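The following block contains the structure, expressed as structure tokens.
Letters A, B, C, D, E, F, G and H name the chains as they come in the text, with residue numbers starting at 1 for each one.
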Amino acid sequence: MRRLVSGNEACAEAALRAGIRFFGGYPITPSTEIAELMAEELPRVGGVFMQMEDEIASIMAIVGASAAGVPSMTATSGPGFSLMQEGIGYAAMTEIPVVVVDVMRGGPATGLPTKGSQGDLQQARWGTHGDHPVVVFAPRGVEETFALTLRAVDVSERLRVPVILLTDEFIGHMREIVSFPSRVEVYHRQRPRVASSEYVHYAEENNYNAPYASYGGGYAIHLTGLTHRADGFPINDAPTIRWNNERLRAKIEDNLAYLEDNYIDDDPDADTLIVAVGSSARSAYEAKLLTDKPLAYIRLLTLWPFPDATIHRLARGRKRVVVPEMNDGQLCREVQRCLSGDTELVSVTRNDGSMLTPQEVLEVL
Amino acid sequence: MASAKASGKKHSFTPMVHTYLRMDNRFPHVWCPGCGIGILFAALIHALHELNIPKDKILLASGIGCTSRMPGYLDTDTFHVLHGRALAAATGVKLARPDMEVIVVGGDGDMLAIGGNHFIHAARRNIGITCIVLNNYNYAMTGGQQSPTTPRDMFATTAPYGTIDDPADACSLAEASGAAFVARTTTYNFVQLKRFVKTALSRKGFRLIEVVAQCPTIFGRLNRMPATKDLITWIKGHTVTLEAAKKMDADELRDKIVTGVFVDREVEEYSDRYARLIKKVRNAH
Amino acid sequence: MRTEIRLSGRGGQGLILAGIVLAEACGVYEDKQVVQTQSYGPEARGGASRAEVIISDGQIRYPQAYDPDILVALSQPAFDRFAPKIKKSGLIFADSFYVHTDRKDVVLMPFSETARNEIGREVVTNVVMLGALSAVTDIVKLESLKKALKHRVRSAFLDLNLRAVDAGYKLGKEIWKKRSS
Amino acid sequence: MKLKRKAFPVTTIEEPKGFIHIYPDLCKGCELCVVLCPKDILALGDDLKVHVVNPTDCIACYLCEWHCPDFAIFIEKKEQKES
Amino acid sequence: MRRLVSGNEACAEAALRAGIRFFGGYPITPSTEIAELMAEELPRVGGVFMQMEDEIASIMAIVGASAAGVPSMTATSGPGFSLMQEGIGYAAMTEIPVVVVDVMRGGPATGLPTKGSQGDLQQARWGTHGDHPVVVFAPRGVEETFALTLRAVDVSERLRVPVILLTDEFIGHMREIVSFPSRVEVYHRQRPRVASSEYVHYAEENNYNAPYASYGGGYAIHLTGLTHRADGFPINDAPTIRWNNERLRAKIEDNLAYLEDNYIDDDPDADTLIVAVGSSARSAYEAKLLTDKPLAYIRLLTLWPFPDATIHRLARGRKRVVVPEMNDGQLCREVQRCLSGDTELVSVTRNDGSMLTPQEVLEVL
Amino acid sequence: MASAKASGKKHSFTPMVHTYLRMDNRFPHVWCPGCGIGILFAALIHALHELNIPKDKILLASGIGCTSRMPGYLDTDTFHVLHGRALAAATGVKLARPDMEVIVVGGDGDMLAIGGNHFIHAARRNIGITCIVLNNYNYAMTGGQQSPTTPRDMFATTAPYGTIDDPADACSLAEASGAAFVARTTTYNFVQLKRFVKTALSRKGFRLIEVVAQCPTIFGRLNRMPATKDLITWIKGHTVTLEAAKKMDADELRDKIVTGVFVDREVEEYSDRYARLIKKVRNAH
Amino acid sequence: MKLKRKAFPVTTIEEPKGFIHIYPDLCKGCELCVVLCPKDILALGDDLKVHVVNPTDCIACYLCEWHCPDFAIFIEKKEQKES
Amino acid sequence: MRTEIRLSGRGGQGLILAGIVLAEACGVYEDKQVVQTQSYGPEARGGASRAEVIISDGQIRYPQAYDPDILVALSQPAFDRFAPKIKKSGLIFADSFYVHTDRKDVVLMPFSETARNEIGREVVTNVVMLGALSAVTDIVKLESLKKALKHRVRSAFLDLNLRAVDAGYKLGKEIWKKRSS
């Protein structure tokens, strides 16, 4: 069904269809509409919307609800996203699936509440202390917000990781036509199939689609943010810590193929590669179409884990790589890591609350 | 000293309390000799047992601190959340699984300092949680810093010249926030402690029990009461019942631990209200 | 073909709703590609208001207007700010009650007066304007606008809005005839 | 998630009114039970664990059990005959 | 004077000598001793120690005290550092000098409270939302903790930026001999020399050592976390935002020479370069000494801004770059950006609460 | 309607209030027509003026929200902090500059939701701050979400079916936390409002004034009182004085705005206590 | 930091008891003063700004000034002669 | 020359203070390079306790013990855990009251008994041990230990501690003589 909806509306709709049944949130421009829609719709499907006292409470409430078996989500913007960081790390450590939507606005601090940016690309990866697995998706528009919200819920439930959806004010408040699928396939987390005495909450092989227990399921599980053993209880010994770190890393790295998602428009004749993400990719691609020069193009739908190998491969032998974005060059740093030889790296940035224009990208092509 | 000889006849007895514990090789538990946390733990187990609450319906959640190590030992679903955040996480659990008996336990720092905001809002909403604050007057886990409840002029590692802050009163805060049940007791009075926990578990909405407890290792040592019995005596000596307190003036009450039930009223629990909302919305369709 | 439309005025004139209705009419009921955006001031309330609709046969990437093909201005400040930025070949429609200008290329139309006098409610100025746009341009069909209104407007106000869009359409046709002749 | 339960050795002392069960491996020798026992039944030994030193006067009042922070001492009251 | 002190003691002592007169904090292992010492010493010098209700209050209280003219500091570890991120961004945006000490422990979440790590290297740069200037120092031991704490206060007061000192549990709790200087030169922030009517709080040239007003100084200043004009009042227009972003960036970039600080032990014959930071650099350097192979070595005392150019220069033409660290490779990512040609990059990590050993580094040399 | 002609003779008059404002081209200010925030602002300026507090000793701090836009307009030192964090930052200012008159203003969301913890702890410490909570019953700045004070069954964008939460009571919380002065009034009663602000400014320690105010644009519209006068009438109709309230039962009081002074007691301000501590420590040396 | 002060035009109406000063550029036409004036002195004009429509009855009670959220209307009371 | 010393036992035996005093004695009063570290269990209280001191003529980089040259064990669990990890050429000193072993290379000394019996306070076991170390090894001079004690110990307890270090020194000399003979 074709409908005209905003990015925030598409996000809420997808969340509901993906089976999100608990939303804990705190209003913040430009994400508020997501909460408002969830407040209206969740009770209709028997779910719960809670406006919590702040963003810390919001992330922890969804962590709690998810630990109790209910797929859960929150939505926020920069200042709230900063406040949620400790809780996101907790979700990563305890392997509780949650979806956190960050509708980016200008920052830092209160910044530019009503204008968009891509200022949180690196924060989405590094915002919390300690090394930790995290998956981040970044749509370029409304239809993709719908699709990637579905995917965020799916990945988070399957891999037991916090998944972050990075949209921005431009996308959140923009309306486009979405062809809503009549049916959405939803993955339901599996309860353990073994007896409580046999069950190991953090077993080695708990990687993808593994069953796991939730509160109230009769498995007497213990969840802690301390470093823990496979059975969930705290430890302090180096080998177990290493084992667990390894497991967490493997969850992401063993599933790279499943997680990686790029739109690639390669051109063997091109001596320039464009690497883009999110809403600014619209301008980047428009610029590509506005010139006759052969250009290779990649857009990252999965921002983290970063597709090092793919970019390395695409960039190899090119003269230049152009990275347009709406911040001070955050994506560019990552691309820089993936280059070899003497490929020239061109950063095109705009960071003033207005959208990067195709012309600005065109100038350097 | 004569060591009593063990009873000869084969005798099979399993302490009820042990059946509620994850009695594995992590015992003896981490708490110091004479620490009051274990006494509260025992009282909680007695209350759960006497009320016959099914084990697989119990969630015990906590933040971080000495007190907050409790969930690791109870053989039910347990949740060792971030420092200060247990009530927020427990709110999520309760709304996801209203059929569960959600209990949150935490220290004075965890619940009233970093967790203060969640505390007043959980109480305001009257979410169905039994919240137990173990008040040992200091941040014990981190080595004895001042907490919001450290009494005036007492010592802490971050109050080396004695505190100048007036202490927070968990019960007043819960009452002002609208909690359904509010009571205070001490680990010295096990019978009352168990009774209050039982009563709380039988009520609806947000229920607070503040339990004044001894931390001999840190708070005691910093305040010249290194032996458990000194501290227990100090607590006993400062305790007055609510009835007695009513006859005392503010000056006399300054350093007293007033025990009793401050609030006990009927409310509609938050997840019940939400269930009603869902019903209303769905019927309107 | 990409057509850029900017609807401008002050907060409370319903420009964002107008943008949505227009975008939905084209996008859902005429199967075109559309993007609708708006911009808020720092305070999200009061002050200038502006909605943009991009309509295209193909995919729309850059979602904002470069140089609008069509500008609608319902207030003087909006007119003063945006009229100079319009494409050479662009069309400007302005409310004849709120906007004063010497520019001959500007099409002044009594949107708000029509709303007040014919419908009896100034709040439907935005919908009158849409009706008129449909009459004098080929960006959207009157029928599509009506479908979109049915979807977007609360039923209690639907009749009012349908009358307004019709009145606007009529107004547009008349004025256009006059101008063309 | 069931943890493997460890069997802790228990020492049981029979008293007229009941049994006193002590888990030496759990006792940390805090002396709380000793201090609170109204009948001076208990004392710490050289091993810094609690021991029964007065094996007849226990009134099975439970004060020791209730206030033991370490789940190390339990009272099993004998059934009183209805008189 | 030679004294045996721990890293945390050296930090507190340096803070006092550098003129810190307000400390707002919240206890957390392994940083707590810093707060405890400040609680004892500050009243003796007429300063104020405040134990706040949490880490958010701590960072905001020091922001307030510093805005009122008093050099201010806090100390924390991972979980608290995560909670402070929004406030650090606020300090960056409003240009209020503060020093934040993060004594790193194992993470994420509650992690390993009593064991060290280097898990917050990237968070120190990217923890808050939006692009923002930040300066980060990382000592390798006790004596350097003293020196870099002095420098942190100095830089923060001169540049009006939040400065982060990254130490870790190993350093914080280790005792070494420090030769305390008998006198420490302290920079005192300058009050404006113009009348209030002439004063512009965020003037273009306010870059290094520029005078600036504090509360109570009679300048009726306005500080806001919203994007603002030179006079401090909020704006929304793109050119001014760009101008201000540029200024903030320039504060760091124009002062790179002053900020950069590396220990370099180059060797023209070496085909391998070691890049190290903080406490793990001790093992790295020990490994270097344990082998006869020629090795080039750089240790970063200033972690951020990252010394891209210096590392690029040192790595050029080498066969290999080895990056030892105690996390999952956070420093290594940055080094990767600075390499060109086909220099091989070798990441040596240990992330289990124990210190990386010289042998582990030696193995790859 | 006859438009009155301007007075003929040259007349020089500068409104006192204007001399306290940054009367630049950012005026008229951002607030909506009929919004209550401007009335509180006027009362505050009157109070500062009548107490003759030197302008360069005043700091006005706020968080984020409609109310929190106030500092931008006052011609003194002003501090527009993060959402919810004004009291924490102001605590730093006060301790750094105890000679300053530190005033914090904020909305019900800013102070009681995200800022709730700082609120109860600033009150507990009795730090020398005059704290004014403008309660317009909603998060106005972000478009009308439920706030902790939204009355039961009223509407907000995040409470489309009416709220099910019981509202927070800022005055009770401040009182339970130990604040020195606690009072409530409304923008409808300017004389009382100004008097309360003046009294608060004359006291020591933490002083709270809760000011119920109209937000016609959002709260009014969402609750079928779109005109300022509807909302002002609603406020007036729900107001009862503390004296009258004492004679009413809980049921009658449920939806009432009780105005008056709840607490007015002498305390030693926190920065004075700290000064005393410094003196003690230095003398001991 | 002193901002450049803007001079806003003022309209002053003399009444028997005092002067009413109105800043039209500041008035947002909220009608609060109109509603609260006990003497019906004020009304909104076609320009949606406040105007004095009853130029004799003002009792200089200040209600309009105090409740104007926009600092747009001020009362200057004439000195009362001591009688 | 790098000497690694590990002092181990259980919480409450004052091993960390002993490490500090030793490090200060060598580092401040004998001008050597020193690093002192300790390790906490997860609970920071009770349980095993361990302090390490590295002493060197040159700069000390890696601050922890690889293979201690000297191990002191004041409790059985500490002995059991660390004794196997000692260097071939290393020395092990253990408290003869708390530690039982068949190993002949281990030097058993009555630290705690000396503290109890000669000084009357078991709490100074740690200082007795330092005195003995000074007597039987060349890592630190008795005088330096005394200076460090003066700096680190509260004056009310200084006398007690000085007596303890002397008693330990004497004990060390005696035992060493016995062993050497």
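To be clear about the criterion, contacts are C-beta pairs under 8 Å (C-beta built on N, C-alpha and C of every residue); 3 or more make two chains touch, one makes a residue touch a chain.
Values in this document were obtained by computation on a predicted structure and should not be read as measured data.
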Between chain G and chain H, the fewest steps along chains that touch one another: 2
Top chain pair, ranked by number of contacting C-beta pairs: A-E
Computed distance of Cα centres, chain F from chain D, in Å: 59
For chain B paired with chain D, centre-to-centre distance based on mean C-alpha positions, whole Å: 25
Separation of mean Cα positions, chain H and chain F [Å, integer]: 63
Multi-chain contact sites of chain A, meaning residues that touch two or more partners: 29, 43, 53-54, 56, 79, 86, 90, 109-110, 113-114, 219-222, 224-226, 233-234, 236
Multi-partner residues of chain G (at least 2 other chains): 2-3
Sequence positions of chain C contacting 2 or more other chains: 41-42, 44
Touching residues (chain side chain A, partner chain F) in the complex: 26-29, 32, 35-36, 39-40, 43, 49, 51, 53-55, 79, 109-110
Interfacial residue positions of chain G with respect to chain E in the complex: 1-3
Chain C contact footprint on chain A (complex, rising order): 2-4, 29, 113-114, 141, 170, 173-177, 279, 282-283, 285-286, 289, 355, 357-358
Residue numbers on chain E that touch chain A, as the complex places them: 56, 77-79, 81-83, 85-86, 89-90, 92-94, 104, 106-115, 117, 119-120, 122-123, 125-132, 224-227, 236, 238-239, 241-242, 245, 249, 327-328, 330, 333, 336-337, 340-342, 351-354
Footprint of chain A on chain F - complex, ascending: 64, 80, 82-84, 113-114, 116, 139, 142-143, 145-146, 148, 157-161
